[in-house]
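What follows is a pair of complexes built around subunit A, which joins subunit B in one and subunit C in the other.
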Partner chain A sequence: MSNAIKDLLFKMADDALIIGHRNSEWTGIGPMLEEDLAFSSMAQDKIGHAQALYTILHESFGEPSPDQLGFLRTEAAFRCCRFVEQPIGEYDFSIVRQFLFDHAEYIRYDLLAQSTCKPLALLAKKVKGEIKYHVLHGDTFFKQLAQGTEESKARMQSALREAWHQALGIFEKSEFEEELIAQGVFAGEDELKKRWLAKVTAVVEAAGLQIPETIESKIDFGGRRGYHSEYLKQLLDEMTEVVRLDINAEW
Partner chain B sequence: MYGSTNLTEEEAKRMSTTQEDPEKLEAFEARIARGEKIEPQDWMPAEYRKQLIRMIEQHAHSEIVGALPEGTWITRAPNFRRKLALIAKVQDEVGHGQLLYSAAETLGKTREQMLNDLMSGKSKYSNIFNYPAVTWADIAVIGFLVDGAAIVNQTINSKGSYGPYCRALERICYEESFHLKQGHDNVVYLATGSKIQRDMLQAAINRWYRPLLHFFGPPDKMSAHSEKLMKWKVKLASNDEMRNQFLDMYVPKILELGLTFPDPNLRKNNEGIWEFSDPDWDEFKRVINGDGPCNKERLAVRRYAEEAGRWVRQALMNPKDKYQVPLA
Partner chain C sequence: MPEVLGPEQQQIYTWLQQVKDPEIPVLSVVDMGIITAVEIQPESSLVLVTMTPTFVGCPAIDLMKKNIVETLASVGIQAEVKVDYETKWTSDRMTAEAKDKLEKFGLAPPPLTRDEDLTEEQLNNVRCPFCHSTDTTLRSAFGSTLCRAIRFCFTCQQGFEQFKPV
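Up next, the complex of A and B:
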């Protein structure tokens, strides 16, 4: 059982760390100061969530310290989806990713608030309250830009098309899926995906855009099993540049 | 973070010849002498308005340009604690920029105009951000010493005469005091750490020593004075006074960690005044005029952000909205 829970905790923590890292890259270059501030806040929340999840792994499952888990594992050990690894691109991609990803995050934590894994259920209740504001941010900007100028509409539709099959990679199942559901740890990726699809479809259609057609073979799977896009290694190399100068030192 | 206000000789000359209604001017100056704050709707001399816009605008630019050298290390911070602290710290700096642009807007110049003047090079920002943050230790030194220098300057300026600017500065100083703590904590870890860490810290201090001396502006004997700016409480202390206060507070803190400064002549004389070697004021002038190690890069990043984000700002604009001066 513990391997199944560990796998779930790792994929959630890795998603949060990597998307938090990406969000932080907007510091200083946002389309307006207010968006620098917003992405910076979301980055801090997400990285904090990652730290909290690694702390559960450390305290309840005998894994190394959060710093070691976050900063000193190899690329293949990461279980994040490929969607969060993608570079920030232009603001249209980043805001569409934020919108799609955070709806999934909110529903995931909402479901996990009932988990039989007690430390995770406790954390989920707290995190849910924070992600609510991320969803609010994503929805607000998604709607306004989808209904703004001709250029912004076209950009949002195009970014949605680019992000769609990557976003569906969030719901990639691991070998432990059945076990997690049977033990009441998590309601499962299919349930999450179903709820997510209903939620984002409603917002996208209300904003006057179209949900791209899903082609199963195009879904960007692999991340949950350690097969990542080319971007994760680059990100990790950069992220660990300082700590690797002296891994035994206290920083 | 911000350096000092300096007038060119030309500006100082022009100031002394501006004509204002003598009665209004007298009442205005009497208010300031009594320690009252001037608010946006109050009468003020045209030159007072102009110098304040210039000063607050430069300060705001310094905050958002200052976020760039530190921002490049957010992605490389070595653990959770440092990464979270650095993101929060740089976010504060951008927030200070936002607050200060609003304070300057109360005087009649829009944020958009100010950003355009930044990108065209018409409006300046603190010189110190034209130097690169080469290693992680530079982040520690910036967080401790550059923020420390900024606090000296901003605490003094918060006693000035313009209400909205003073209130913004009080809040900024409060947040900066946390930056100082995280900078100091980072410096202490490196100073008491492994040889690699100590060496990189010492190298960073050596790099930032001169820019830190430049931070408060040219020596009093070299800079154009304006008694009027002092009288109007736009400027409250001389460059040399602020520099001396900074050295007095921070040199001992660095020395007690077993670190050194790259200047054999740095010492406090019998009158309590710090002496140091000439920090090359010609270099200061060159960098201010655009020829520093990072001037082009900093402005290029700002221009990229402006251009890449234009479609977003346009799409969010409601044609029915009218521009409103922010509340003080």
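Up next, the complex of A and C:
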């Protein structure tokens, strides 16, 4: 059982750490001050969530310290989905990703609030209250830009098309899926995907855009099994550059 | 705070009033409602303080832990601080007095959430800490620290910060 829970914790923690790092890349270059602050704050939240999840792995499952887990594992040991690895791109892509990813994140934590894994359930109840602000942010800007000018509308539809099959990669199942469901740890990726699809479809359609057609063979799977896009290695090299200069340094 | 406190626990809560939230220096860790338990070990006289973070990624947690240990050490008490989510922090845990202090500090206090999702009422009915008008709007859910949002008051035409309801 513990391998199944560990796998779930690693994929959630790694998603949070990597999207957190990507969000932080907007610090200083946001299109306006409020957005600079918003992406920076969401980065800080996400990295905090990653740290809390790594702490559960450390304290309840005997894994190394949160810093070691975040900074010193190789690319293949990461279980994040490929969606979070993608570069921030233009602002339209970042908003669409934030909107799609955070709806999934919110529903995942909502389902986990009932988990039989107690430390995870307690954390999930807490994190939900923070992610509701990320969802509010994503919905607000998604709608505003989708209903703005002809250009902003076209850009949002195009970013949605670009992000769609990557976003569906969030729901890649692991070999432990059935076990997690049977033990009441997590309701499962299919249930999450179903609820997510209903939620994002409602917002996208209300904003006057179209949900792209899903082509199963195009879904960007692999991340949950350690097969990542070219971007993860680049991100990890940059993120861990200082720590690798002297891994025993005291900060 | 637990319902019934022994005199020794009460004394510790009084001492903890000196430990301020570094991001909101008018409020103590007790006012904020982040102290969830104070246990005195009968054998060793060690005091175990349990706290629950306002935000999971709050960078002030380590500093507050350190300040709690140092403040109690200054009155001759050896303490350990444990951080957990056993009791979930919500902004409803702030005392009424704390909310009053927040408003005087220029930070609009959070409305009660009763552990519900965000409602229109929570988002719209926020009083400007400067002119007390409720004709205000949310400009950004994110501000200068994780716990703050940026709002604007149409009456006095000023921007202000709010402690977010969570």
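Criterion: the second predicted complex is superposed on the first by the 251 of 251 C-alpha atoms of A that agree within 3 Å, B and C clash if a C-alpha of one lies under 4 Å from a C-alpha of the other, contacts with A are read in each partner's own complex, and residues count from 1 in each chain.
The working rule: a contact is a pair of C-beta atoms (placed from the backbone, for glycine too) under 8 Å apart; a residue touches a chain by one contact, two chains touch by 3 or more.
Bear in mind that the values here come from a model prediction, so they are computed numbers and not experimental data.
Participant: With the two structures laid over each other on chain A, which partner does A:Glu34 touch: subunit B (first), subunit C (second), both, or neither?
Facilitator: In the superposition, A:Glu34 contacts both subunit B and subunit C.
Participant: More residues of subunit A are touched by which partner: subunit B or subunit C?
Facilitator: B
Participant: Which partner does A:Glu241 reach: the first (subunit B), the second (subunit C), both, or neither?
Facilitator: The first partner, subunit B, only.
Participant: After superposition on the shared chain, which partner residues are touched by A:Tyr91: those of subunit B (first), subunit C (second), both, or neither?
Facilitator: first
Participant: In the overlay, answer first, second, both or neither for which of subunit B and subunit C A:Gln44 touches.
Facilitator: It touches subunit B and subunit C both.
Participant: Using the superposition on chain A described above, determine whether A:Gly62 touches subunit B (first), subunit C (second), both, or neither.
Facilitator: In the superposed model, A:Gly62 contacts neither subunit B nor subunit C.
Participant: Using the superposition described at the top, list the residues of subunit A that contact subunit B and also contact subunit C.
Facilitator: 34, 37, 40-41, 44, 47-48, 51
Participant: Can you tell me which positions in subunit A touch subunit C when the two form their complex?
Facilitator: Counting only subunit A, the residues touching subunit C are 34, 37-38, 40-42, 44-49, 51-52, 119, 122-123, 125-127, 129-130, 132-133, 136-137.
Participant: Looking at the complex, which residues from subunit C come into contact with subunit A?
Facilitator: For this pair, the touching residues of subunit C are 53, 55-59, 84-86, 88-90, 117-118, 139-144, 146, 150, 164, 166.
Participant: Quick check on the complex: what are the subunit A residues that touch subunit B?
Facilitator: My answer: residues 21, 24-25, 27-37, 40-41, 43-44, 47-48, 50-51, 66-67, 70-71, 90-91, 144-145, 148-149, 151-152, 155, 235, 238-243, 245-246, 248-251.
Participant: In their shared complex, at which residues does subunit B touch subunit A?
Facilitator: 64, 67-68, 71, 73-80, 82-84, 87-88, 90-91, 94-95, 97-98, 101, 136, 189, 193-194, 196-197, 200, 301, 304-305, 308-316
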